[in-house]
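Letters A, B, C, D, E, F, G and H name the chains as they come in the text, with residue numbers starting at 1 for each one.
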Amino acid sequence: MGWNIYLSGEIHTDWRQRLIDSCKAHDLSIIFTSAVTDHQASDSAGDLLGVEDDNFWRDHKSAKVNAIRTKTLIESCDVAIVRFGDKYKQWNAAFDAGYCAALGKPYITLHNEDLIHPLKEVDASAMAWATTPEQVTEILKYVITKE
Amino acid sequence: MGWNIYLSGEIHTDWRQRLIDSCKAHDLSIIFTSAVTDHQASDSAGDLLGVEDDNFWRDHKSAKVNAIRTKTLIESCDVAIVRFGDKYKQWNAAFDAGYCAALGKPYITLHNEDLIHPLKEVDASAMAWATTPEQVTEILKYVITKE
Amino acid sequence: MGWNIYLSGEIHTDWRQRLIDSCKAHDLSIIFTSAVTDHQASDSAGDLLGVEDDNFWRDHKSAKVNAIRTKTLIESCDVAIVRFGDKYKQWNAAFDAGYCAALGKPYITLHNEDLIHPLKEVDASAMAWATTPEQVTEILKYVITKE
Amino acid sequence: MGWNIYLSGEIHTDWRQRLIDSCKAHDLSIIFTSAVTDHQASDSAGDLLGVEDDNFWRDHKSAKVNAIRTKTLIESCDVAIVRFGDKYKQWNAAFDAGYCAALGKPYITLHNEDLIHPLKEVDASAMAWATTPEQVTEILKYVITKE
Amino acid sequence: MGWNIYLSGEIHTDWRQRLIDSCKAHDLSIIFTSAVTDHQASDSAGDLLGVEDDNFWRDHKSAKVNAIRTKTLIESCDVAIVRFGDKYKQWNAAFDAGYCAALGKPYITLHNEDLIHPLKEVDASAMAWATTPEQVTEILKYVITKE
Amino acid sequence: MGWNIYLSGEIHTDWRQRLIDSCKAHDLSIIFTSAVTDHQASDSAGDLLGVEDDNFWRDHKSAKVNAIRTKTLIESCDVAIVRFGDKYKQWNAAFDAGYCAALGKPYITLHNEDLIHPLKEVDASAMAWATTPEQVTEILKYVITKE
Amino acid sequence: MGWNIYLSGEIHTDWRQRLIDSCKAHDLSIIFTSAVTDHQASDSAGDLLGVEDDNFWRDHKSAKVNAIRTKTLIESCDVAIVRFGDKYKQWNAAFDAGYCAALGKPYITLHNEDLIHPLKEVDASAMAWATTPEQVTEILKYVITKE
Amino acid sequence: MGWNIYLSGEIHTDWRQRLIDSCKAHDLSIIFTSAVTDHQASDSAGDLLGVEDDNFWRDHKSAKVNAIRTKTLIESCDVAIVRFGDKYKQWNAAFDAGYCAALGKPYITLHNEDLIHPLKEVDASAMAWATTPEQVTEILKYVITKE
């Protein structure tokens, strides 16, 4: 069985690439999916349908276009990895975690120790908490290939 | 029909009380539910089952005890109000919004203009965005009593 | 058992009142619910949260506020009555019918003979087709009280 | 991942072909499905099981045969495109939109500006509104291929 | 908790009354629901919406009106009792049993020994098989009141 | 898309083969599934796990083993064809129809005119009624291949 | 809101009574439900429908009658308490826990420290682990009444 | 159709291998999945994310990592085989059975006669009970290949 893993959260560091590379190095049979990680493209996704003057509606329109992708990919994944970095509000990552929780979709959080307390509700519904992408790879390797 | 409204998010301002009071002033037939809003009690909920040394597990245990309540109340509400203030990470509020979204449970966000951009994914799945508790009351009054 | 009946569609004739009155005349134990039927109030529901310049977003905002009510009431009804009159597009009525169909919620259509052909997909998923509110009352009386 | 897109609504213009062609021109990996778009064949689908005298039952029988196809294809699609033109009642398109909404299936509406007001409930549950097939292609290209 | 019991099947003997009476004699807190058991009224339920010439469509129309009731009551019951007598085809009873099975709704069959073989698939998904209404009462009494 | 069609009901005539052959003659891309149609093998399926003395339990055991197959195949089919012949009780066919109805799985009934009245509830939830396997093929051909 | 708590597992000690008593002492608004806890009555529940010679079928019949009750009560509870004592196999308690887990129904385990290792999978899906009925009462009091 | 069979329970005997081998000998088209059966690896799965001092949390962490796999594989299987041996508590096997029961996923139990009584609730929801892996193979062969 090829596993389908959705990568949610932080887009300003290379955690996705590190995770994908280390999984590849272990020959794991995984399809990785993700939201659009090009920040500017993501913010202007709705502009494809006409530019908005009002900030709220511009964001609204773009966020809905992006949700066509994220909702579809989250619902078809087997496991989600939800990454919280040290910058920005990152409410979309917590939103994805809540979405997974309600669907009964297992997810692993990836964050540093200093975020333990503010992420306690998000971690409480997670199946595991990792601090490095390489740890996530170890877990995925165990889950997917161990006999 | 008596409506059941779940109040999620910020616990450091009086928005819950203002909302409840203004709904009462309009004689709306509403049952309000909420997470435990006593910060200290909430953080130490798990201590009732034995104190933990490790911070992660202390938070984990408390968060799960709190989830017995929040999960049950969210699933039985008709509408959720999700409040984001200007302090703290508030990932639990975004988590609740994602949970509602996946269940198809309508929710209204309550936050200031300066949070529009970081909350765009959360607002994209919301049914409405309000900036004051009194606006939420207006919406609830319209939804519940207008003929 | 008290039945919960949702009344969807046309708001410019008195079919709702005729149905409610004739059900009352037969002492049927029914709770009737409905979208807001005050056209102007319905169109301006979103204005409660701030007025919009752009027509699309004004309609969007109002339609979402109204959906908090209609979605909740449709999901909690036992049977929906979906009325199509001879004016306007009435796509919201067909939308409600599709929503009911997907939920497995039984609905009865109420329309004249001349709408048979354009409503064939909507009627195909309906449990019955009536041409007068009084016929609907007859059906409800039979369904609810016959032994 | 190959995306599965259901095309609902108007059958009297070439929007389906324009959309399919422009997606092909962008090498998008999409399976398109649709209701039967041959008007006469669709209206007489039930005749395969014996001809009916009564108009209502002829339409009913054909609509149910068609629903075997549309229901199955809508439920297995990832995204639906719902097109409203300027002629006919098109209640089946609104019905499909409601069906998608209840299933939590994302859909994009495709219609001109002059239909904004009568389609406000249908647009309120949509993920996006486009005015040309080429815009839909832009959205699909972004959703499916952007990294 | 007051239990809600749906009574499906045979309408030509007094098994419903015997069951209801013996449950009353044991003071069991039960709400009993049922399809319309007046054969003629049931067959002509659709006539309320206009008389049909064609036998198939007359039956179809009546059966759908009856299904508004049976579907709603079966979905809201806690347990169904499905009775098979020694006359008629009784496919509606087997249909109800299949409907319950797919919903995960527990049901008890009530039939004589000579029907064991043809009912083996229906009994295989049942929670119990009884041969007399009084046995069903014994089971309900045990299930509802035993400590 | 390859369609998956489940064939339920009568096992004493050649309707399955006629249907499969005529679909093949039309080059339809269909996977057909079915219950075990070898009557004796079906009745003794449970004997593989030890022979039972009691008739009820022998039938029960076999019916449950058969249900592993039928339940799995019905749940994975796109459309079911439910055949009623002129012999035997055939409650399993009506049970399958009820099971499909509750799952929202479309099904087509296949039976002669003289069974219209006793099958009215089963037909009321069906998408179509055919009298010959060849008619079913016509419907499937239309549903699967018509553009 | 009155909470509905299902008590699963061990029937040979007084933990149920201790829990109910201490909840009563705290004036908690709770409805407690449970399987039949009279061991002999439970084992012979099926005898009400005729005595069986074969041990497997006697147990089977009784277990199914009991499941009418347990399944219905578990599905309607808000929270389950699952108790493991130091005697017997208690597979039914672990079965109930798995049933709750799949339904997304929150449950609390109640067992001594020496059972931690064999119960790790059961505890992994639980919301909390308690060692005394009084601790469970503390949790329920917090969850239900804390503001 | 290739069947997907999940093997749950006992890891200290060779029943999995015997089952897989005998299915292979019959050329059955089956994908077998399973929890990690290396006892030590399974107990220390959580150590990949950092070692825990406290026994409860060590077990908890490992059990959750294992659940990512078991939950995903159980939900995607067609049939589960649940094996109970004569050693250890084996509550995880009963938990899996309850999980399958709530999902409506068919399962077959595999255990000796002396476990009939303590497994009566688990067997009551099973589709079959076998005493040897070879019997399971016989059932799977019948279910998958018999015409």
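In this section, a residue touches a chain if its C-beta (ideal position, glycine included) is under 8 Å from a C-beta of that chain, and two chains touch if they have at least 3 such contacts.
The model shown is predicted, which means the values in this text are computed figures rather than measured ones.
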**Request:** Would you kindly count the fewest steps from chain A to chain C, each step being a jump to a chain that touches the current one?
**Result:** 1
**Item:** Proportion of interface numbers common to chain E and chain G (over half same, under half different)
**Value:** different
**Fill in**
Between F-H and F-G, more contacting C-beta pairs sit at F-H
**Prompt:** Based on the averaged CA atom positions, which chain is farthest from chain G?
**Reply:** D
**Prompt:** Which chain's mean C-alpha position is the greatest distance from chain F's?
**Reply:** B
**Asked** When the C-alpha atoms of chain C and chain H are each averaged to a single point, how far apart are the two points in Å?
**Response** 49
**Request:** Quick one: report the Å distance separating chain E from chain H, using the average Cα coordinate of each chain.
**Result:** 37
**Between chain E and chain F, centroid-to-centroid distance (C-alpha), Å** = 23
**Complete:** chain B residues touching 2+ other chains are 64, 67, 129
**Request:** Can you check the complex and tell me which residues of chain E touch chain C?
**Result:** 31, 33, 36-38, 41, 45-46, 48-50, 61, 64-65, 67-69, 71-73, 76
**Prompt:** Which bits of chain H are touching chain B when the two form their complex?
**Reply:** 52-54, 57
**Prompt:** Which chain D residues qualify as touching chain C in the complex?
**Reply:** 55-56, 59-60, 62-64, 66-67, 70, 84, 88-103, 115-125, 129
**Message:** For a test of understanding, state which residues of chain E touch chain G in their complex under the given definition.
**Reply:** 1, 3, 78-79, 106, 108, 127-131, 135, 138-139, 142-144, 146-147
